[in-house]
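Each of the next two complexes has subunit A plus one more chain, namely subunit B in the first and subunit C in the second.
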Partner chain A sequence: MSITTYTMPLGPVHVALEEPVYFNLTVEGENIKNVELTSGHVHRGMERLAMQRNLVKNVTLTERVCSLCSNSHSFTYCNVVENALNLEIPERAKYLRVMAEEIKRIASHLFNTAIQAHIAGFKSLFMHVMEVREIMQDVKETVYGNRMNLATNCIGGVKSDVDDELIEYILKQLDVIEPQLEELRDIFENNHIMLTRTKGLGLLPPEDAEALGVCGPVARGSGLRRDVRFDSPYAAYPNLEFDMIVEDGCCVHSRTMVRIRELFESMKLIRQCCERMPHGPVRAPMVQIPVTEAFAHTEAPRGEVAYYIRTNGSDTPARLKWRVPSYMNWKALGVMMRGCQIAEVALVLNSIDPCVSCTER
Partner chain B sequence: MAGFLKVLFRNLLEGPSTDPFPLGPTRMEPERLRGKVVVDETLCMGCGICVYSCVAGAINIQHTEEGHTITIWHNACCRCASCKQFCPVHAITLVKDWHSAHEERDKYNVVEQKSIQYEPCSVCGKKIRPVPTEILKKLYVNNSDIDLEHVQHLCPACRQLEDARRSAGLPAAAEQPAVES
Partner chain C sequence: MQEIIKGHTQLIDNLTPLCANEDDIRHSADRYGNSYHWFRLASPNKIKDAAKFLKAFRARLIMISAYENKDADLLMKELCYHFEVEGVIYNFTVVQNAEWPIVPSITPDFANADWHEREIMELYKVKVTDHPNPKRLFLDETLDAGQLSTAIPLSVMMNGASSKDLWERILSSKEQQA
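Let's turn to the complex of A and B:
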């Protein structure tokens, strides 16, 4: 170790978000040579909790694993239970689930984009993106009754129907938000401050991305065509048309652009859901629980969420296990941060849209 | 840069986008807002499915000879509306009221508590939960000849006997002593 090389602890409090990640950085002057990550600060033993509660309670429990992708967890959990029970959910419920998922995706991506501006020091843009996101928060509150935890999924379908009046409201709000999102896309694409801070920063070459098994916007920002909605379509996705957004810049900026362009795909999906949703029941009745195991995965805003369940014939799962996208994505931070400066750590960390509470559950 | 300056000026002209709450009204109080849980004591049968589905353990139902008491702790409730979804008699609703500020000393007392008194069966005298009229109307929707007021005050065993008598064409036995079994 030369005299200019030393280890620098960073975190665990408030590196980028108010979530704890602890970095041990080996730096040479201002430049990062090596990154070591320590986690486990917010481990709550949720898998164990899930194994002590019945299947119905776990819908609500899994929704509380994370806040921004809360709906993805209950969605995937319901999918895995339905796979285990061999339960076919009504068509209308499939569309309603996709609609809730995409509304959450817009809000989640906008949040990450806002934080990106915040870390870059562009506070007024941060405030503006959060204001635009508020439109989506209002939609969630009006349609589902809460700004974060929608509580819309239940085993066998969805808890409450969305009537025509609310669908009209959703479509109206989408028309309000669309021009504002276009404006945001333009700002993030061309704004000088954002470009200088993010373009070419935190490089993750496709080979490394492939080797590390990253997923979600991080993989798509490195040119990998990887999206569960395409690779193994679930719910109503096979009946809907949308594009996979891929950027090949491999940098922080291209990951941001993937998220911003995905907002428009999500809006396309919500509009299609509103249009094509068939009428009918929204819930299938519960069936007997067999001794079996099942697997389900979906595309959360951050990437692939996978759930595994093993039942023992009782109403309590013998094992419930889930893997979240941030787990693979934050391993990629080691590659991304190498060669960066200390001041850029927060920006690079935010570019993977880390969800620490998911990963450590 | 010009792109954002445009946004900046527009936002400046439009003024604040936040509500002046609590000094003024808030515009966000949608109909479907999941606020406090409310129990309708005229409907609650004390079946306990809400307790089964409540992940927060916020609901308790205490059964005694004289009746049952349902208690919901607002501070434990996570407002997931599972109880509302599973309640077979729709006795639980989530109202729009989201105000939950209270003093520290009241933290265990912020509850929704309803007691339901049982009444004696009009035939055998056993204490029962009289079936709510709303539910009877649904149960006997195809039997308009049945006197709901009378059936309401019968215990399940006496109701069964009554039903058997009616099917056999015998007169109702409201005044007869109960059959000891």
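Let's turn to the complex of A and C:
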């Protein structure tokens, strides 16, 4: 180690970090040579809790694993239970689940891009993106009664229907938000300040992305065609038309553009759900619980969420395990940050849309 | 309607001999037509062979789930490895017990197994050999592995005076030690 090389601790409490995580950065001058990461500050033992609650209560618990991906957790959890029970859910419920998921995806992607503008020091853009996001927050509150945890999924379908009046409201709000999203796309795509700060920064070559098994916009921003909605279609996704967004810049900017362009795909999906959703029941009745094991995965805003369940015939799972997208993406920071400057750490970190609470459970 | 189960025939043929019996292999599909293959491997070291075959087919490791069998007579743990190849899920269960107390690391073949293996070592006290970086993921190095499962939750402790739960735990750990 030369005299200009030193180890710099960052976190667990730091102004650039939204949640507690501890980085040990090996720095040479201003340049980062190596990154080591330690977590464990917000481990809540949620998997253990899940094994003390019945299958129905766990819908509420899993929705609290993460805030921005909350719906994806209850969605995937319900999927894995339904796989274990071999339970077919009504057609309308499949569309309603996709609709809730895509509404959450828009709000989640906008939150991440807003934070990026904030870290880049573009305060007016940060405020503007948050203002646009508020339209989706209003949709969530009006349709589901909550701004964060929608509490719509249940085993066998969804808890409540969305009537014609609410569907009309959702479509109207999409018409309001669309031109504003187009404006944001233009800013993130062409604005000199944003491009200077993000283009070519935090490189993750496709071969590293593949080896590290990254997922979500992090994988698609490095040119990997990886999206559970396409690879293992579920709910109403096989009946809907949308594109997989892939960028090959491998940098912070690419990951941002994947999220921005995905906003429009989500709008396409919500509109199709509103138009094509068949009438009918929204819940299937519960069936007897067998002794079995099952697996399910879905595409959350941050990437793939996977659930594994083992049942023992009782109403309490013998084992419930889940893996969140951030869990796979953290290690990629070691590649992304190598060669970056200390001042760029927060921007690179934000580009994986990290969630510490999710990772630690 | 007949169920169509997707999967790579060559890969399944390669993986089948790693199981001791035909009953150790199960194939299923969900209501969306997604396929799942379940293999119960003959011994934990077979996961290394499975990993080699899977790597050749450009598989992606999704997750490793540890399961602790609470039956005191068995004292065994099970690990379930979940892989994906072209949208199809391949699950491999290995049993760790007194006869087979260790499981080899697959991190040399799948770099993203690193955190999963460190987690099961730390939280489930699973012995993983040849892991390139067997450092703690969550808890401090000074705490014993499997510490969280030995601790008594605060709620149980507080209800100790009025319920039998705390005393039953003490009694059962005493019996196990004897």
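Convention: the second predicted complex is superposed on the first by the 357 of 361 C-alpha atoms of A that agree within 3 Å, B and C clash if a C-alpha of one lies under 4 Å from a C-alpha of the other, contacts with A are read in each partner's own complex, and residues count from 1 in each chain.
We adopt the following convention: contacts are C-beta pairs under 8 Å (C-beta built on N, C-alpha and C of every residue); 3 or more make two chains touch, one makes a residue touch a chain.
Keep in mind that this is a model prediction, so the values were computed, not measured.
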item: First (subunit B), second (subunit C), both or neither touched by A:244; value: neither
item: Subunit B versus subunit C as contact partner of A:284, first or second or both or neither; value: neither
item: Contacts of A:167 with subunit B and subunit C, given as first, second, both or neither; value: neither
item: Touching partner for A:212 - first (subunit B), second (subunit C), both, neither; value: second
item: Contacts of A:296 with subunit B and subunit C, given as first, second, both or neither; value: second
item: Contacts of A:124 with subunit B and subunit C, given as first, second, both or neither; value: first
item: Residue numbers on subunit A that touch subunit B, as the complex places them; value: 53-54, 56-61, 63-64, 124-125, 128, 131, 134, 138, 141-146, 149, 151, 154, 159-160, 183, 186-187, 190-193
item: Complex interface listing, subunit B residues touching subunit A; value: 1, 3-4, 7-8, 11, 17, 28, 30, 32-34, 52-56, 78-82, 85-86, 94
item: Residue numbers on subunit A that touch subunit C, as the complex places them; value: 39-40, 43, 45, 48, 82-83, 86, 88-89, 211-213, 231-235, 238, 293-297, 304, 306, 308, 310, 318-319, 321-323, 327-328, 330-331, 360
item: Touch list for subunit C against partner subunit A, complex; value: 30-34, 36, 38, 60-63, 65-67, 80, 82, 84, 86-89, 91, 110-112, 114-116, 136-140, 148-149
